[in-house]
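The two complexes that follow have chain A in common; it is paired with chain B in the first and with chain C in the second.
And then the complex of A and B:
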């Protein structure tokens, strides 16, 4: 990074950090630059990846893929939203997107988030895999297997709201919420760590690359 | 026409994508639909870009409050757009890779977009810290469990966790905080993740079915257009 670039990056970094004091014009300028630059960045990236890379190369290749024109026509219909009298036509590509998303999600979620997860949970409790001697697994693995099977089941019980959470069912739901709380705690811990590592990265930039106080 | 056609399109597209999994000849159609989806997404982004120009342009034209910030946003957008689309200062010219080293697009990315984005996310560390102060008050059993799990994970990923329980004998190594963090991640956390994933998936599947069958039509908006 050249010197001018480092100074610009430092100016913007400090501008964003200045929000910790309170909302101020310096922060607002940096925020506005970020909105504009990121919109431009994604616009350019999608243009080169999808319009040039996917559509244009597909249509103009020696073996043209003319079906892509249908996608372009649907995309063009989306822009008709800007013409109020015929704006309703933009619902067609929207309906296409909604239908495609729904169709893809039904298959993908069912196979990866339901079937695969259930299959992984239905594992032997006291051995490492099916076909092995029954009590072959270590105590560590056995407890882990019991927690995974029990925690998943009780977690699902907690999400079942068609029956009142009372009695044995309520007890299972209570264990389920404890399991889910551990998951939230772990996710929270990880989020804090990732944000901290980003902050350390920015501090390294300020004190290392810019001010050259650390090497 | 305004409402029936979109519902029919949603049904056909959704049904074809499901059927394509069971009938290999229809698989090609399913792939085409996925590509259409990507192309439409770009046009939707064009629409978003147009809206950005319209809203901020209006604000500048009418000299509304904070119009100067809108001017900054528009300038950033146009400069980045021009740098990418016209490949300004690209060492390989207009035929070169858009993100070639030395190009204005790449320079703007590394000197503006990247530092702004990472600082914006890094800033969340402070807000997460203040949120954790509120969350980490063990008011009830559930909050206490969340607190303990988060604390072990945080300590387990830092040198402090290694030093704090390094004295625990090897035969009780599970009680060492880094190992305990690994166990939490691989057992109770996994169980909770699975329960949440299965729950979300069932919700997504039922919502998708409602959309395909035309029961859910809110995405069409109101009929005053």
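And then the complex of A and C:
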């Protein structure tokens, strides 16, 4: 059975890679299988883990969690969009989800992504942390903190369009765009690493598990 | 390292690059399929000759390692597998290393997922690492698989106050209250460390924003390289350590091997993948240089 599975996996892997030559029926078959299996997998997982595992067990347990019924009713209302005459009811649970998510995200994002990130950016230049003795930081830390503070500031200057980018302001904006470009370059390098890792993973499967050319 | 393998790999890559260099100097187009084929060769040849390089942990990876290493044995570590099989080649080495390290230190491990597709990843990790290398560890006592619940950040928002509002049973349908490992565990705040491994949404960032920061719980991350630049700003104040891509996994494996010589013979997929990874990066760097040469050649001709 394992061998059969490996051959199926190899067939599908090569089918997907065949797209690099050009679009073809083999690729289309593999793509359709992937989409179909994904949909089926999600349905089964959500049913067993959430509808059965969380909702049904929750409301039928000796200590019932009746709040789960609220979620179930909202979920059922969402499905009513499949019935066109009363499809408008599905907007209510959607409004609830959008409102609750927005409220939740505003608090957490402001606290973590604004306040704490600003605090991390405003690092002391010559000590390791605020409250630590001055001149304790290494040259590496000091330069690093300068780059973070300077890079953030000049990056913000670049996106300030109410004043013409000339003179000192233009110079800061130019440093800002260089900082941004270096960041994009680092992101591109990481993206290459990510995609190559996936290719390596598939090649190791083909040469190892399937063809058994490597251990 | 296989010396001849390295020579053959470099020869094949150098020959291909020479061809591309001549093309770029002449300002000629290169058939895109040749690029694909060449990339395939640049990756395949080092794999076939088993080329790898030694790794040394950088401070951000060392910080993640030290965080687990310095916890007293029996500490409670939650590991969330927030990824799918497509991302597995890149992040599985991280979860393997984290699980191996936590088990070797005698910590209690709680597995869960914010991605439905992460569930089989946990099951295979338990089979591959715990049942094979640590057969004495017992399910429900030393580790537990809580499984997946839908809701993403909503799940985190609930379990930070009460895990049982989301998880009534473990993945096998066993009531959480009957598992010894769950004694004294009410919410995420009872955990000593949260580890999220992923590369999408929800992932490491959501664990920092919705669990680590509001609950003041230390978070360590492991992510696909494509997400790493977005997560570095959270280190070191909001994220205790981060494994960025396969390079991070390889560094963690090298640190684990250095600290625990018993793991010298266990599979180290991260270190193994760094050979072809290095070759591929050299080729991409050459592509960028040749593309620029071609650009300036065409510009000088007024084309």
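Note that in this section the second predicted complex is superposed on the first by the 195 of 215 C-alpha atoms of A that agree within 3 Å, B and C clash if a C-alpha of one lies under 4 Å from a C-alpha of the other, contacts with A are read in each partner's own complex, and residues count from 1 in each chain.
Keep this in mind: a contact is a pair of C-beta atoms (placed from the backbone, for glycine too) under 8 Å apart; a residue touches a chain by one contact, two chains touch by 3 or more.
Here the structure is a predicted model, which is why all the values come from computation and not from measurement.
> Kindly classify A:9 by the partners it touches after superposition: chain B alone (first), chain C alone (second), both, or neither?
It touches chain B, and chain C stays clear.
> Output check: A:83 vs chain B and chain C. Expected answer is one of first, second, both, neither. What do you get?
Touch status of A:83: no partner.
> Is A:57 in contact with chain B, with chain C, with both, or with neither (first, second, both, neither)?
second
> Quick check for you: in the superposed arrangement, does A:177 touch first (chain B), second (chain C), both or neither?
So A:177 only meets chain B here.
> Check the residue A:122 against both partner chains and state whether it touches chain B (first), chain C (second), both, or neither.
neither
> A:32 contacts which: chain B (first), chain C (second), both, neither?
first
> When the two structures are overlaid on chain A, which partner does A:198 contact: first (chain B), second (chain C), both, or neither?
both
> Would you check which partner chain A:207 touches, where first means chain B only, second means chain C only, and both and neither mean what they say?
A:207: touches chain C, not chain B.
> Per the overlay, which chain contacts more chain A residues, chain B or chain C?
B
> Could you say whether A:109 touches chain B, chain C, both of them, or neither, answering first, second, both or neither?
In the superposed model, A:109 contacts both chain B and chain C.
> Which residues of chain A are in contact with chain B in one complex and with chain C in the other?
Dual-contact residues (chain A): 20, 41-42, 45-46, 50, 54, 58, 101, 104-105, 109, 113, 117, 120, 183, 186-187, 189-193, 195-196, 198-199, 201-202.
> Provide the residue numbers of chain B that touch chain A in the complex, in ascending order.
Within the complex, chain B touches chain A at residues 2, 5-7, 9-18, 21, 32-50, 52, 66, 69-70, 72-81, 83-85, 98, 105, 107-126, 128-129, 132, 135, 141-143, 145-154, 157, 174, 183-202, 204-205, 207-209, 211-212, 219-221, 225.
> Going by the contact rule set out above, which residues of chain A touch chain C in the complex?
Residue positions touching the partner: 20-21, 41-42, 45-46, 49-50, 53-54, 57-58, 61, 65, 101, 104-105, 108-109, 111-113, 116-117, 119-120, 183, 186-187, 189-204, 207, 213-214.
> Spell out the part of chain C that touches chain A in their complex, as residue ranges.
Counting only chain C, the residues touching chain A are 33, 36, 39-40, 43-44, 47-48, 50, 86-90, 116-117, 119, 147-150, 153-154, 157, 165-166, 168-169, 173, 199, 208-210, 213-214, 224-226, 228-229, 233, 237-238, 244-247, 273, 276-277, 280-281, 284.
> Over in the complex, which chain A residues touch chain B? Could you list them?
Going through chain A, the ones touching chain B are 1, 5-6, 8-9, 12-13, 16-17, 19-20, 28-48, 50-51, 54-55, 58, 67-68, 70-72, 74-76, 78-79, 81-82, 84, 87-88, 91-107, 109-110, 113-114, 117-118, 120-121, 140, 143-144, 147-156, 158-159, 176-193, 195-196, 198-199, 201-202, 205.
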